[in-house]
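Letters A, B, C, D, E and F mark the chains as written, and numbering starts fresh at 1 in each.
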Amino acid sequence: MAKKTFVATLSPGDAVDDEFVLAEKTVLQKRDGHQYLNVVLADRSGQIKGVVWDNVRSIAAVAEAGDFIRITGSVSEYRGTPQLVIKTMTAVAADRVSPEDFLPATELDVDQLFERLVNLTGTFTTPWLARLLAAFWQDEAFVAAFKKAPAAKRMHHAYLGGLLVHCLSMAILADKLAAHYNGLDRDLLIAGAILHDVGKLREFDYATAIDYSDEGRLLSHIVIGLEMLDEKLRQIPDVPRDQANLLKHMIVSHHGEPAFGALEPPKTVEAVVLHYIDDLDSKINAVREFMAKEDPDQAWTSFHRLLGRHFYRGTPEATPSKA
Amino acid sequence: MAKKTFVATLSPGDAVDDEFVLAEKTVLQKRDGHQYLNVVLADRSGQIKGVVWDNVRSIAAVAEAGDFIRITGSVSEYRGTPQLVIKTMTAVAADRVSPEDFLPATELDVDQLFERLVNLTGTFTTPWLARLLAAFWQDEAFVAAFKKAPAAKRMHHAYLGGLLVHCLSMAILADKLAAHYNGLDRDLLIAGAILHDVGKLREFDYATAIDYSDEGRLLSHIVIGLEMLDEKLRQIPDVPRDQANLLKHMIVSHHGEPAFGALEPPKTVEAVVLHYIDDLDSKINAVREFMAKEDPDQAWTSFHRLLGRHFYRGTPEATPSKA
Amino acid sequence: MAKKTFVATLSPGDAVDDEFVLAEKTVLQKRDGHQYLNVVLADRSGQIKGVVWDNVRSIAAVAEAGDFIRITGSVSEYRGTPQLVIKTMTAVAADRVSPEDFLPATELDVDQLFERLVNLTGTFTTPWLARLLAAFWQDEAFVAAFKKAPAAKRMHHAYLGGLLVHCLSMAILADKLAAHYNGLDRDLLIAGAILHDVGKLREFDYATAIDYSDEGRLLSHIVIGLEMLDEKLRQIPDVPRDQANLLKHMIVSHHGEPAFGALEPPKTVEAVVLHYIDDLDSKINAVREFMAKEDPDQAWTSFHRLLGRHFYRGTPEATPSKA
Amino acid sequence: MAKKTFVATLSPGDAVDDEFVLAEKTVLQKRDGHQYLNVVLADRSGQIKGVVWDNVRSIAAVAEAGDFIRITGSVSEYRGTPQLVIKTMTAVAADRVSPEDFLPATELDVDQLFERLVNLTGTFTTPWLARLLAAFWQDEAFVAAFKKAPAAKRMHHAYLGGLLVHCLSMAILADKLAAHYNGLDRDLLIAGAILHDVGKLREFDYATAIDYSDEGRLLSHIVIGLEMLDEKLRQIPDVPRDQANLLKHMIVSHHGEPAFGALEPPKTVEAVVLHYIDDLDSKINAVREFMAKEDPDQAWTSFHRLLGRHFYRGTPEATPSKA
Amino acid sequence: MAKKTFVATLSPGDAVDDEFVLAEKTVLQKRDGHQYLNVVLADRSGQIKGVVWDNVRSIAAVAEAGDFIRITGSVSEYRGTPQLVIKTMTAVAADRVSPEDFLPATELDVDQLFERLVNLTGTFTTPWLARLLAAFWQDEAFVAAFKKAPAAKRMHHAYLGGLLVHCLSMAILADKLAAHYNGLDRDLLIAGAILHDVGKLREFDYATAIDYSDEGRLLSHIVIGLEMLDEKLRQIPDVPRDQANLLKHMIVSHHGEPAFGALEPPKTVEAVVLHYIDDLDSKINAVREFMAKEDPDQAWTSFHRLLGRHFYRGTPEATPSKA
Amino acid sequence: MAKKTFVATLSPGDAVDDEFVLAEKTVLQKRDGHQYLNVVLADRSGQIKGVVWDNVRSIAAVAEAGDFIRITGSVSEYRGTPQLVIKTMTAVAADRVSPEDFLPATELDVDQLFERLVNLTGTFTTPWLARLLAAFWQDEAFVAAFKKAPAAKRMHHAYLGGLLVHCLSMAILADKLAAHYNGLDRDLLIAGAILHDVGKLREFDYATAIDYSDEGRLLSHIVIGLEMLDEKLRQIPDVPRDQANLLKHMIVSHHGEPAFGALEPPKTVEAVVLHYIDDLDSKINAVREFMAKEDPDQAWTSFHRLLGRHFYRGTPEATPSKA
């Protein structure tokens, strides 16, 4: 049955009868001994908190965090935000829902994007890097996850396919910069652009909602990515160890500074370039996605908390006429 | 007469008879009432301190800071650094020296670089920006200075012609990025790349040595550049004021953050992009110039104080074979 | 008709029929295709959000942001803050309202304050500075704006006339300090005190509400102030350029440190002093205005978020008896 | 016998036979077992390192750190700085030297300065504060030390009498500001100006050289000053405890921010004002003393490391003509 | 009468008739001239805001901040948080309530904890330290307060008895570390562990609610603790002054860095160790108390704002089996 | 032949004929085309720069960086520091020198230290951790390196065996704290203490001098340590993956904060404790090693640049008498 209501549009007073992901589930107890159930429901438009006051035990047994459910209830308000008061909850089989209703996804064709990436690595002239990327591309489980993973939980490319969109854009920029500045190792730079965030395949869970995995919170995508790279490197013969360390260094240093998560600052020209194109591509994307969500008739966006400013789109007259 | 000795190669014990720029000159007095003269001499290889113990008044009258001089004397050492003990000093007419001996300069052909820039702005489709750049290009004094100015006193592009080299590289990158990301105002971005540092023409003195001017120290190249831009804008009819503010904003914000000298953070997508390509081009240049000065047989450079790290060039075997 | 209700005193459940400034206006669309109108209404006591559910198109056409309007409706609550649900909206001509109802203003007589400032600059003995200030005082549009502009949107002197109050207080302090420390250039210091924030006349819009202008957000009051100063300097003959740079430097550096918006740190004794009296006068004013808003029976104010502390007014017994 | 040579003017090669303070003394041992003596000698012009190679034990027994001595020897150079190689050392009785040769001191008349301070506190109308200051003024040992103490080891007012110069200047400023801003507790503010740094009487040793005392390094002048204040408060009857805490708070908070040594930020208007006039008076003094040491013919000073900038004195023409 | 309702469990719609502490009381006035009363009510479970609309004067006269009261009313919601609308308020005598209902307290036996501390100081071999601690232990008012004081208002050990729990834990750790690292002054280290936070006895008010005292906000527990220590030191004969300064230094420096409230950084090995065990014991306690409040079935806690992370408790299977 | 001279005791004028490590070697060229050789020589007492002016090619061919050499020459001074002017250089076989002359080493018996560590892990009750540590202990190459590696290049435990000394001290502290705080996973905490720095075995080269390896500079000991741990984990059956992640998390987070190199902050209680004991043990060691190098007769050490303070050892009288 087609999903009709989305959490972003729920207002106090609305009655609800629709499918959601059960993102979080916590049984709590009042001081008087009665139990109640706090939940977070999600779909592709966002998240909403909910509460179950009655039949707590039987309803809590219906589903686990990550499952699809159908609920009935109504929207009230608690501490200034809308909250669902849930009457009934039933499990919904994963094969009965349209996945695209529950997680935002890129509108681009990920298979086409991926093919462009494969074509790019097909031009590599450094044997061990060509073999390495081939090993990744031949790993079907990897490729499936690489086409699906988001690049972030928030801020930029925070949707299914986002990691691929981001890495392809960076790989193309890497190629252009390798042509602009002489002396850069083009293959190494492109390989770094493709693999620098590869740990995000496991740093995030994105089966039914985008969130950090246990492993992601404990180890970070840097460490997970290095493990994934090491696993592939062990399968390839004759990898020059010092070269492999240069590639690992790009993963280690791509955040630029220790305070932002770089264990070492970039120490090769290629690592310096990689850091900039990563920062540039993430920031451009973050700003444009933020602008896209706001009222198109206003010259200024609202205040972006993390970036600490309003952004300017200009007035209609201000638009440059290129004709 | 051809200059034979350069300050970078002077060692304690050397006798000196050659031409230099008198970079600084200070008459000081000992407690016993005797005067002596402290000077700084410069040529394209660097600077050295010097002292005059005898005939202080007559020697001090020979030249002012910024003049060319010929000295005789010998190198001693004071507080751990080489110091010239100067016996005689005579003035040298500016037209008798080879300017290239006294200031480092790009090895590229600045006329060719400049022509590429003019060609690029020749493709502008935004009328007022086309007129603005034309106004700059028709100002002969401006063009002469623009071909000569350094981009910095230290760190990156710190040589005659350095500003042009830097701005051309950025303008080309701006063109590439305007093609890579859709929706960017190409003309505005390229104009920003060319004009963002234009205040450096007056922030620095670079007639006989590269140093900050009074105006540069009091106002910064940001403010000077805005004055220069305002002067040209007053000469052009029909400049849309809100558009002009977007160009000024790129000068105001190109350092990215207030702590690094941005009065406002970049608030348009074009200003965000400009900040990144400025930072990228400066940093790549700084790293490569630093590497170029160091022993080519060592895998690691010495420690770069400002960037806080050693850089890695790799061992000969580590060089990727592209064949 | 006299305004009776002010946004600061509206509580959920109140019915409203009164005049306000339409501070912001945004048409939004639900996923079901229906449009609604989000507005922000303002008067001298503050701002309140409002929403229009019906007749959206016709009501949206009534007025633009910045216009005076009369609305009827009632106060509800959304996400924890009061919100106006608006039934009707009609335009009100600007000449039919009492401006003092809509923007907070100093209770002091701005004409008297201004006269004191004119008297002070009348004592200048530096010819070009005397001519410069005279040029400003003879510019009627400037003087009108200078008497009306606020010094800030929040924090200190955030009301009509606030800039004049602040600049006069600083000019008097400048005069006192020029007497206290010998060797200070009194005229330069007082001129700096008067002109350091002059860009705020255009950084803010304060016709019907105090907010940043486009120009203010893109360029900052520092750059706008320098433009305004340059414009006047071009009208005066025989300005010594190095002296003018010292005055500009005071505008450039008055925030003290780059992280707080100083392009250069204060590099003259006068600029150092100006920075301190600016900081002192702003802070004293901020603290006292904050104290004045709080319960006079409490020894401590509530927590001041920006200044990071509670302030102490002391208990009645603690009040020093000066008799 | 009059001192003729001062450490600031010693150059390699000079022979020395004169009196100094033995500022530090350390017996060290080479790996071959031989002992040598490292010393630091001081006079009002600065400090110089020295070494004794022969007769180490007998020479080391001549005097302790802080004693006056006469040495013979010659100036050599070690690791880039001048160093005295000492041949002989004899003790000199303290009553045989001219104290002003050994420590820099204000050129102002400290008795006159002190009298102005006493006159100012004579106008107090708050009984307990009048009694408190009287108690300090009646403590002869305190007054003697207060007239002698420096305000710092370096940076500003770093000479005998410097603390009094600084406190008097601040007390006068406090008086002026209490007249400028209404509602300030004038007596409290002036008392804070006089007593805020009182712990420096014990934080520093300044008998024969200015250095930190053990107590100063372990406790800081804030804590020592509070102890000194507490001692006096115990002697005065009927001090209102909450009032006394406001005075203590001014000592506790006068550095403004925790990172600069304020245990609490200023939480009363008087404490806010005190912080600013302390910062202002210290900074003005630091800048002017720095300027005074530099070549008067140069427009710019050398780089001030702590304040992070060159200071501008302007060119002769730039001097404002007040006539 | 036993207290039945606690503020942490109040929800909009609840009727209330129970006892609370009147934590804050403020009479405010609407623009229409009517007064109303804002209050904060507290018990051991937390705080809630309340408002009185009618009979404001007579109800405001019933009690002062810090008194016990009984109220009737109902819970509504204002700006997103629950708020009590109070109908009636009556005073309740302090001897009629169960104190443990109003302030959280340790579940440990404070008399036993205190006895362990006394036993530990009974092993001191440094005479003056043994005498000093004895002087504290013989001061009955001190001991009563020391057993009752909290260690903080929030974050860690924020309950009655918390200071004693914290100091005993630290004293035991001090003892262990004095055994682990040789050369540490065991008695000094343990004394520092016990006395470092002694000023918190007066920094906080904790008669009916935990909050900062006036003195605490103006002077900080560091300064108050030094005053308390000085008072005891004056009662003990033959205290070696330099030794006492080492103990004071531990109070002065125990926060480690100026930015966190250390007037001086730790300069003795004992002060360095004290800083670490203070930080360790506070942080462990903070983390564990935070974990204890959260849903035990979840692997991760919610986000801890001050510590900037989620904490991991692991899944049931993850629990190490020690059997 | 026994080494007699050590670089720390060389003074200008000394003749030298002894063995050193050739720590660095760089051939440079003057502008006149002549080559010279810059070297750094090292032994256990430190490092000294040297220069070869003649026979540059043949001497440069004698040895590579890291080799033992014998040189003859004399000590001069360059830019304020001693410099060896080298006449002859001959290679020395590694088996002809006494290694302890060239690198500082702990005076403790590393075999005994290691045995204590093995005994401690022998008490583990968590099967997979017992197996993991056993796997490390059975790896002879690992154990040999673990007994030899330094914990740092400078600051603390910067000598052969230093890593073992540091890890054993931490493991014992971990054991004590697991007994002090209940609920800690003792085995996990001790394992973390032993393995947190294991990457330092490869981060440093310490065959003939302590310096960073290429791998160390590119990847950091965190990443190298995780690789080493992963290699051992692959050899052990039935490792619970979530448990292994908790151990890896301790390596990832032990620096505490991102700015200090923690990819994630400590998120388990054990990781929090590990961070503190690492910081405590490093700092105590750093302070004590610094104190040990200084004049024992002085109450205060010289200024410690990294820790930003002088340390106090107290005067002889200040030493607590424990008798």
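Quick notes
Methods note: contacts are C-beta pairs under 8 Å (C-beta built on N, C-alpha and C of every residue); 3 or more make two chains touch, one makes a residue touch a chain.
Being a predicted model, the structure only gives us computed values, none of them experimental.
In summary, the chains found to touch both subunit A and subunit E are C, F.
Two copies of one chain, subunit A and subunit F, touch each other, and the residues they use overlap strongly: the shared fraction of interface numbers exceeds half. Farthest from subunit D in terms of Cα centroid separation is A. Fitting subunit A to subunit C on CA positions gives a rotation angle of 120°, reported to the nearest 5.
As a whole-number value, the distance joining the C-alpha centres of subunit C and subunit F reads 59 Å. Annotation: 42 Å between the Cα-based centres of subunit C and subunit E. The set of subunit E residues touching two or more other chains comprises 77, 79-81, 214, 217-218, 242, 246, 249, 264, 267, 310, 312.
Contacts between chains, counted with the stated touch criterion, involve the pairs A-B, A-C, A-E, A-F, B-C, B-D, B-F, C-D, C-E, D-E, D-F, E-F. By the touch criterion stated above, subunit D contacts subunit F in their complex at residues 26-28, 30-32, 79-81, 214, 217-218.
Residue ranges on subunit A touching subunit C, taken from their complex, read 6, 8-9, 45, 77, 79-82, 295, 297-300, 310, 312.
Residues of subunit C touching subunit D in their complex: 125-126, 169, 172-173, 176, 180-181, 183, 185-188, 240, 242-243, 246, 249, 264-265, 267-269, 272-273, 276, 279-280, 283-284, 287-288, 291, 307-315, 317-318, 320-323. Residues of subunit F that touch subunit A in their complex: 214-215, 217-220, 222-223, 226-227, 230, 242, 245-246, 248-249, 252, 258-261, 263-264, 267.
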